[in-house]
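By written order: A, B, C, D, E and F. Residues from 1 in each chain.
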Amino acid sequence: MKILIFCAHPDDEVIGMGGTIRKFADAGAQIRLVHFSAGNEGYSSAAEKSEICAIRARETAEVCRILGIAEYVNLQQKDWSIEVDHSTCRTVIAQIREFRPDAVFTHRHADYHDHMNVHQTVTEGWFHAPLACAMEDAPVWRPVPLYEFEVITLFPQPELIVDITAVMAIKLKAMAVYASQTGVVGGAIQMLEGRALLRGQSIGVRHGEALIRSAMRPRAIADIQALVNS
Amino acid sequence: MKILIFCAHPDDEVIGMGGTIRKFADAGAQIRLVHFSAGNEGYSSAAEKSEICAIRARETAEVCRILGIAEYVNLQQKDWSIEVDHSTCRTVIAQIREFRPDAVFTHRHADYHDHMNVHQTVTEGWFHAPLACAMEDAPVWRPVPLYEFEVITLFPQPELIVDITAVMAIKLKAMAVYASQTGVVGGAIQMLEGRALLRGQSIGVRHGEALIRSAMRPRAIADIQALVNS
Amino acid sequence: MKILIFCAHPDDEVIGMGGTIRKFADAGAQIRLVHFSAGNEGYSSAAEKSEICAIRARETAEVCRILGIAEYVNLQQKDWSIEVDHSTCRTVIAQIREFRPDAVFTHRHADYHDHMNVHQTVTEGWFHAPLACAMEDAPVWRPVPLYEFEVITLFPQPELIVDITAVMAIKLKAMAVYASQTGVVGGAIQMLEGRALLRGQSIGVRHGEALIRSAMRPRAIADIQALVNS
Amino acid sequence: MKILIFCAHPDDEVIGMGGTIRKFADAGAQIRLVHFSAGNEGYSSAAEKSEICAIRARETAEVCRILGIAEYVNLQQKDWSIEVDHSTCRTVIAQIREFRPDAVFTHRHADYHDHMNVHQTVTEGWFHAPLACAMEDAPVWRPVPLYEFEVITLFPQPELIVDITAVMAIKLKAMAVYASQTGVVGGAIQMLEGRALLRGQSIGVRHGEALIRSAMRPRAIADIQALVNS
Amino acid sequence: MKILIFCAHPDDEVIGMGGTIRKFADAGAQIRLVHFSAGNEGYSSAAEKSEICAIRARETAEVCRILGIAEYVNLQQKDWSIEVDHSTCRTVIAQIREFRPDAVFTHRHADYHDHMNVHQTVTEGWFHAPLACAMEDAPVWRPVPLYEFEVITLFPQPELIVDITAVMAIKLKAMAVYASQTGVVGGAIQMLEGRALLRGQSIGVRHGEALIRSAMRPRAIADIQALVNS
Amino acid sequence: MKILIFCAHPDDEVIGMGGTIRKFADAGAQIRLVHFSAGNEGYSSAAEKSEICAIRARETAEVCRILGIAEYVNLQQKDWSIEVDHSTCRTVIAQIREFRPDAVFTHRHADYHDHMNVHQTVTEGWFHAPLACAMEDAPVWRPVPLYEFEVITLFPQPELIVDITAVMAIKLKAMAVYASQTGVVGGAIQMLEGRALLRGQSIGVRHGEALIRSAMRPRAIADIQALVNS
């Protein structure tokens, strides 16, 4: 089982699906995390500016260790300038085809600018990865599910809730590692606690994380049993 | 495997999911169909008016035989007067609890008046069937998936497509049995052909039917593997 | 300061704005709560059915005492049959004109059936209360703000967050009084905790409640200073 | 040329399309106006209550004379209780089939409660009038365009603007006849002036009225020239 | 009669409006087709990569011959990098002013990335072409209708359906000429068949194509007769 | 009291909030206006092209004098090429932090391309100005309200209407100063008159301007009295 995660900045993966990542790791999955930006605008004091990317890289390395992420890529784009263009789209296709994941995860559209653009670029790349194009990058990969997680804007009606009760403490521990972001986004731990309680309650467990499955490519139902068991 | 279908009028079940029904029957499912209306406005000539409900009942009986629907209920509501109220909501709850289905199917909201009201009443009843209320009707039933099918308005982005290639001929045969409706809705067979080709193409088969799974009650993911296999 | 709250069922007022109510009470406001339904479907066992309305009435009385609600009205409508019609609209107008509130509170549209209908009826009544109609009911009352709270569906982007940190314990205590509902809606306390943490975090406090101000009647800005101070 | 107009209350037809009506009259059209309600809630003082329907009926008669409306029907429904049901739907079908219009006009969905319900009922009736149903009411009539006008909520992007510059004074004169409503809705003349200027400006004339053509039944283009000339 | 069509890639014009184009040609229209991209990502094997633009150019030339398109322009933008910017906007304005069309056609917004950007650029250019700006490019052209066709995402409620029954075979023949795309998008012919049947059924003919008229610039109705005849 | 206004082109500030600006000036506010573009496409004849930016700059200077705007900045971006990127976002942050406004104003999203992009960039910058980022530009400024005004697309339901009756003549005088735009956008004065009448009527005054307050950052209610008084 191989899992590929695209997000804009270091910490989005913990906020959106830190518990889910750790559950995948516990289930033996091979996990790759791709950050579009090194987080160049995420400093808390002018003094920190020149070091912030290095600081966040160290934090990310520790978070990967905690969550069980074996492979990490940073696309080195700049905050507020993440582009939806040919080159980034090709990069997403290449990542998918080279890693050959069983599922892909990224931002939902309804969020702020950088998250919207990552959403759109990843969706384009994911849609084209199983089509005959961009073929010199790597062999065409099969269609796999694309899931979207919530970071800032709440989903009004999420369709999937992952039970993360057993790994909630680890999610919070990972978030705490991103200490450089505490001064930037206030109350991150509180937000994670509140959201996990709320999402968990909707399925009758203590802590949960919400996902929506992209419907851009519909899912084929060959065996009718799938409608009942899923 | 037990399947419960609610729709407004005789023929909606064929248009929306005739192929899916037959696939369930072929897989050994026990199927119950509930029509809200006997179709009192579906006549093609003034002379036919007094007989139209009886005619459609006979057609429905034959369609049930063709599609493999063993149980049939008609709630005897009137066209253009299907209500979202306490009594109908209780009826839906009672149907679900008494039949104990593994999946429920009904209209999507975005359709015309009667279909919208059936959608809303069934969604309410389905939501409450596993809650502790209306308990004298029958024992509380467990949460099962609710799926929505398309009858008039096309889904802009359906998430599930059932491959009905093998049973498309049976779907068309069932539609032809509803001969009383030919004069009312023109080109029904053509519509079924066109839609099945379109939905099939989107998953790479010849004929398909589109479904959307209701997100009103989110689906719990306990085993993380489910995100990869589904 | 007088506050008028309309909601569908006993407990909606606590879930949606229990902390805000208590803050109003602490600020010396006179508060009236109007329930549309006595909660006839909210029983947890068949045995409880004949008593549920009486049980919930007792619970409501205790909740009113805890939150500081001095006046209580129950419109005795039935669950799943709350109507948007002339008679209920008149009742809302009469309540507003007779009580003469400084602000009105009710459900948001995007929620389930009963909540939607309460939203619509109250919005109609509130809109007409300052117009010259239904005049025999009571003298026309001046336009006052209408606020909407969240009960089931989360607001994707609420515009107002009330800091309820100081009264969060009282909100939870009030919810616990609605013991008859524990078996019906699971995890209510957990939901309240999660939501309050989340809403609080968005304004940098521990606990919050979200409101949206109805824009159906725009707010007049005569003194330009109001745009800066508000 | 025959024109059939359905609206909720006496004065909606002037606000929404008074200029368009008069232009139709000037072009020799035969016009029928159908009000759902006699306007029982539109009084400005308690004393006026028992007479308001009679007063508005006299005003309507005068408005019909001014705008050139030869036929008038009042369905005698109650304000805030206009229903979307079988009987009203049948009435709409009967009106269409008996009058045999070349175009039908009614409210847009996005407006307040009574207007929404008139919109929905008329849309249902208009959709079914050319289908083989409700046949004892009158012979099936051919499909004709359905247009929607704006009364309260502004259309964000109307597609059709009727140039009413030449008849604007008559529209205002007709509005002034509805003197009983002055105390109920403030500034009606000002609203008509402002909206007419705005809608006129968008097509480069002095005064205009906005319409949207219902897309519930698509328009067939047999002669390709129609796409260029229209 | 002059018709100007803007689309993203070679084959979009056939999918979206191949039948409509041929009907225009049969009616004697002068037709110009503008592709934004030469289709550089549309190859089916790595070997084909260096030749794909040339292959698609040859296919396009043949399709133009079949459909009766006399003039062809390719803007040579890259797939996934079609920009909404000043230079492309100027190009669209220049195309419109130089060709002087009676109607313009392009993509609908709700489609994938390249199609969205073409939609937006063409809409901007079309909106500005009759305004006094960019005047050195060519003399200002008069406002003409802008129509949007469907390529991937289905229109939930199209307002115009062109009857293409008589030219359906030609549309399919044109699609077959785009043989290079067969390996990229599976089942294109099936999709065209299904959609044409569905769109045709909605107006009672065998095959149809759906259009929506842009409402960004409203249509002026000076002669009231136009509302009845259209 | 300090007011900061961002808009795309010279004249947007008058159309959207000319009366509100003058009311702020009359109340003693210090006002800064930032235009993204110098208006390079807004000429009415080819001859005017090389001078149009200088002409509009002179008009803007006169408008600033009339409305009481003391500080003016032009970002010198090009029409149809206004970008949402890192550099412009930083510029917005720097403007806010350096000027230290009590309220910020800009375009609503639902408008045409340049306006949408200004909306998005300003919203991003405004959101980040109180966060610890981009710190070398200027010290972090506190969160202040962001308001959106209407220029082309009408707000379906604005929540705030500023009474501009007393300054309407000044708004029109300012618009008249933008004489270079008369040939580009027809009927601007008529549009301003119509819209002001309409917005005024909705709050019972002669002339008004509509605003919507951005909900991207929710407003904290610490003192419950604020809900009643606002």
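Here is the rule we use: a residue touches a chain if its C-beta (ideal position, glycine included) is under 8 Å from a C-beta of that chain, and two chains touch if they have at least 3 such contacts.
Nothing here was measured: the structure is a model prediction, and the numbers come from that model.
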{"item": "Those chains which touch chain E and also touch chain A", "value": "B, F"}
{"item": "Labels of chains that are neighbours to chain B and to chain D", "value": "C, E"}
{"item": "Copy pair chain A, chain F: interface residue numbering same or different (half cut)", "value": "different"}
{"item": "Selected pair, out of C-F, B-D or D-F, that shares over half of its residue contact pairs with A-E", "value": "B-D"}
{"item": "Reference chain C; chain at largest CA-centroid distance", "value": "E"}
{"item": "Chain B and chain C, separation of their C-alpha mean positions in angstrom", "value": "36"}
{"item": "Touching two or more other chains - residues of chain C", "value": "157, 202, 204"}
{"item": "Arrangement of touching chains [line / ring / star / complete / other]", "value": "other"}
{"item": "Touching chain combinations (by label order)", "value": "A-B, A-C, A-E, A-F, B-C, B-D, B-E, C-D, C-F, D-E, D-F, E-F"}
{"item": "In the complex with chain E, residue positions of chain F that touch it", "value": "41-46, 49, 78-81, 112-113, 183-185"}
{"item": "Complex contacts: residues of chain C adjacent to chain D", "value": "84-87, 89-90, 120, 124, 127-128, 131-136"}
{"item": "Chain E-facing residues of chain B, complex", "value": "110, 153-157, 186-187, 190-191, 193-202, 204, 206"}
{"item": "Partner chain C, residues of chain F touching it in the complex", "value": "1, 3, 20, 23-24, 26-27, 29, 102-103, 144-145, 147, 157-163, 202-205, 208, 210-211, 213, 215-222, 224-228, 230"}
